[in-house]
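Each of the next two complexes has subunit A plus one other chain: subunit B in the first, subunit C in the second.
For the complex of A and B:
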């Protein structure tokens, strides 16, 4: 029951991310998504989790739902960009592509031979879907900050995919990934700031016209 | 019992409008019109004669009649929670959807028949938004047909029960379909955020502009058909909730009425706290309704 409600919430957040035109809302959405995906990963485990996995999930929630969104919010505030997403693809079209991605991920999970330890294969499908949504956000939006958010969404998906699929994977590796993402977003935040100072905007569309 | 629920609908439908208006008046700090005002309006209008423009043809006169006729027919096909409809057969959900479409077509045709470019504008908007709302409605009903293994509205709504919703983990999916149907209800009945029923600003009207040239009995028929349609679309939603709480037929009727009144209050609240959307953003709202309905089908099938 619990995991199904969580899946529904994650789906709603994904719809919001694809259909929203506000940057601030997008940052909030990615924070909530991180929180609920971590809870989802915790709730689908069939066996009792060892304590270190709990610590890991808690750590992930703190990093994904608190620290990284705060960093992004700061970058958003300091660059004072126009608070609109400026999509490459329209919102409705993004929503429909999102729907196709969901069908695709569920179909993939049906075809995949999954280990029997996984309680709810839908959770794996949702993780895959989140990954795809992140990829779509990177491709379909032009602002540098949306691409960071897309990257973060992708990472959310990968993390939960790992957590649900690889039962009992070494803690150190997961910690390492978390650290990588943290550093990555930190660097991206600084880069966005610098790009903005240099070019007065963070629209990546202009990068195609760069010359030396 | 089906006859009683049909009569209840025919009598109580305009009351939903007065509830919406009362709630809106409450939010605005006003007293609002008396609860029976829609009935007074209908009575007043039905005593008046109609004036027809010399450029209109029979299509213009047929519009209101067909609108009322299709609404009543659709009501005959629509079950009230567990109470099956007066008339049913396998596949009647398609007839239901397209009978509503027929009524809409004639309303649009009547608006175009006046030759006013102004009404044509409203007609084109109505055609666009209702066309966008239709896939969501059919998809939602189709998903319901998938879980109950039936394509008759009565069997579909009669087949919902508690075990079903809780044991198969369909609860979140039901939330999806409720939201989708509610958005469709708001769009089909020209309520905020799709259309503002109180506006008379020519740039933004959708439904109101189409019925500008109707008066007297014709207007009464259109208003009454509109009230029936809110009831009808409301039954689509409450029919999903009510069977969870009751199994008896009498209980279904009572709970349906109560939940329809609550839904009218919800519409009133939404109209009080929200502004209507920009016209170009309405398709996105319809897309969201469609996506919700699609999620529901995926959930049910997967």
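For the complex of A and C:
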């Protein structure tokens, strides 16, 4: 029961992210999404989790729901960008594609031969969907900060996918994922700040001048 | 003894490394290279003599393994045979190059030329010894890339850069086929190690085709030859000598090595080799005759000689696959021609380099009268030309006669009266004769126009023989031409075990070759008698002239008062009848504007013969490919979003594909 509520919440957050143009709202959304996905990951585990996994999930919550969003908020403040003005794909079209992706992920998970330890296959589907939404955000938006958020969303999906699928996976791998996300977002935050200072905007459309 | 096969490799590598860390303007870089190749040659003699002496092959297996394959070196009779030119000619090329490179010193840092030259020599030696598919490919690439850097040495010239790219494309395409070949072969044998590869039977036909294209592009078979006339003129002369004389033989080596792995030889391989050999031989020599550029002419002549080698192998394989013992003579002749060609072609390139260096041009029609200014070079060139035309008493004669003999015996003493074999043999004989005649025409043209007569332009004014450090390598090589010619019997004796090792099924055919060796001995005696006779005639002439005064004057110019050097017969006019006879093949372009009025105007005439394959096949093909692949550039539009979209598409595709 608990996990179904969590799944619904995560789903709504993801859909909100596809339809929102406000960057501040997106950062909040990604923070909440991280929190609920971590809770989801904890709740779908059948067996009693050893204590170190609890610690890991707690750590993930701290990083995903607190530190990284704060970093992004700071970047937003520094760059004075509030809205995604001219996205690559419109918001309604993004929503529509998002729905297709949802159907696709559920269909994929339904077809996939999952290990029997998985409590709720829907959790896997939602993780996959989050991953796809992250990728879609990267593709469909032009502001560097939105793309960072997309990256973070994607990493959220990967994290939960890994945690639900790889039952009893080694701690090192999970730590690795966490570190990866942390460093990635840190670097992106700094990059965004520097790009903004250098070019007065963070629109990635102008990067095409770099091609050969 | 086993460790000795490593020493040349080590010597090339160490000298290359020393060259790399030496000072840019260092004048001793050439000497380091010379020392490196000299030590390599001295160390290499022992294993080569050991193996050729019939004391068994040498094998070195390193304790460490490569991720794929193993570091396995092996010198058997065939490798040892091909090692002779590599070790020997690299020393002479370096020695010549020291003098030759001196005029590049102000423009380039010469040490890189030496560095890559050492890599090239080491790479060729490595190719011959590699006993593992992966190791072979590595060595092959080292060799090919070193040669590319050497071709590109004079990179400030546009045509040199073009030549470099043509060569690079050719060698890459060839290597792609070799990759496919080794992968298929290892699939069948279960290992990349050559020990396990022997006895291939299931995929031999496809392997033969792949080997023919892959190795043929390096060897310069006609159709795959387009890089030779580009790269050889572009490279410094000692490099083109080494490349044309030795490196292209690596292609022949690879082809034979691959054929040796195959269990049963099909007759159609022989047919294919003969057909390709005929095309190469005829095409090469025809294009050689009509060239104006001295080094381009020599490059086409290499194509011709590779064709002759191919015909030898073809008639050999065909004969042996039909069970005709005369086939082994063809194989032995081809092997001997490999050695002989590497000797005389190197000397031709070196002397062409001296001529080009002295006159500052490679255009034959602007030279003339060099025999008096460069007597030693012209003497060297005469002997090398005689050798390459296959005229007695020099070495080209010995190997070509063996191919003739093999075909003759296949056609006449053919116990089973096999008409196929007879036909092929007759074709080889007639084409070989035609090639020989055209080669004579080609080299009489070069010698007559370049060395005889009067200078046609001012470029020959200050020309003189190169310094001794450049002359001696050529003299040594010319001496080898004579030695291998007069000692033809010994050369045949030397090649007998090698030829037997190539065709393992025909070990008992050695008697055929012993008979050939005897014949060569008799020919040598005849040739010696002929030379003696000529010397006697010359002595008689000297005796008769002793008490007479000899005066020299200008040639009678038919009463015309203002004759100049430019009014002489040119190379273009010499070959004009041939151009006319083969006009459908050549597509030559003539230009002769004006000069048809009552009062003569200024006029000129020029002819140019483009390479048909380059013009009608490769250039259209590559321009089509370029325009086709330019369309793919839409994919690369610089938008990060789109790039990530491609990733999603791929991921989604994989997911769906995996799910279905």
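The definition used in the following text is that the second predicted complex is superposed on the first by the 204 of 212 C-alpha atoms of A that agree within 3 Å, B and C clash if a C-alpha of one lies under 4 Å from a C-alpha of the other, contacts with A are read in each partner's own complex, and residues count from 1 in each chain.
Definition applied: a contact is a pair of C-beta atoms (placed from the backbone, for glycine too) under 8 Å apart; a residue touches a chain by one contact, two chains touch by 3 or more.
None of these values were measured; they are calculated from a predicted model.
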Message = Following the superposition defined at the top, how do subunit B and subunit C come out on subunit A, clash or fit?
response = fit
Inquiry  = Rounding to a multiple of 10°, what is the angle at subunit A's Cα centre between the Cα centres of subunit B and subunit C in the superposition?
reply    = 130
Task = Quick one: classify A:34 as touching subunit B (first), subunit C (second), both or neither.
result = neither
Request  = Check the residue A:5 against both partner chains and state whether it touches subunit B (first), subunit C (second), both, or neither.
outcome  = first
First (subunit B), second (subunit C), both or neither touched by A:134 = neither
Message = So in the superposed three-chain picture, is A:88 touching just subunit B, just subunit C, both, or none of them (first/second/both/neither)?
response = second
Query = Which of the two partners, first being subunit B and second being subunit C, lies in contact with A:98: first, second, both, or neither?
reply = first
Inquiry  = Applying the document's definition of touch, where does A:108 land relative to subunit B and subunit C: first, second, both, or neither?
reply    = second
Inquiry  = Please give the nearest C-alpha separation between subunit B and subunit C in the three-chain superposition, to the whole Å.
reply    = 17
Inquiry  = Quick check on the output: what are the common subunit A residues between the subunit B footprint and the subunit C footprint?
reply    = none
Inquiry  = Which residues of subunit A touch subunit B once you look at their complex with the stated criterion?
reply    = 1, 4-5, 7-8, 11, 15, 19, 91-92, 95-96, 98-99, 102-103, 106, 122, 125
Ask   = Once bound in the complex, which stretches of subunit B touch subunit A?
value = 166, 169, 171-173, 175-176, 283-284, 287-288, 291-292, 294-295, 298, 302
Query = How about subunit A: which of its residues touch subunit C in the complex?
reply = 88, 104, 108, 111-112, 132, 135-136, 138-142, 147, 204-205, 207-212
Touch list for subunit C against partner subunit A, complex = 636-642, 644-645, 647-648, 651-652, 655-656, 659-660
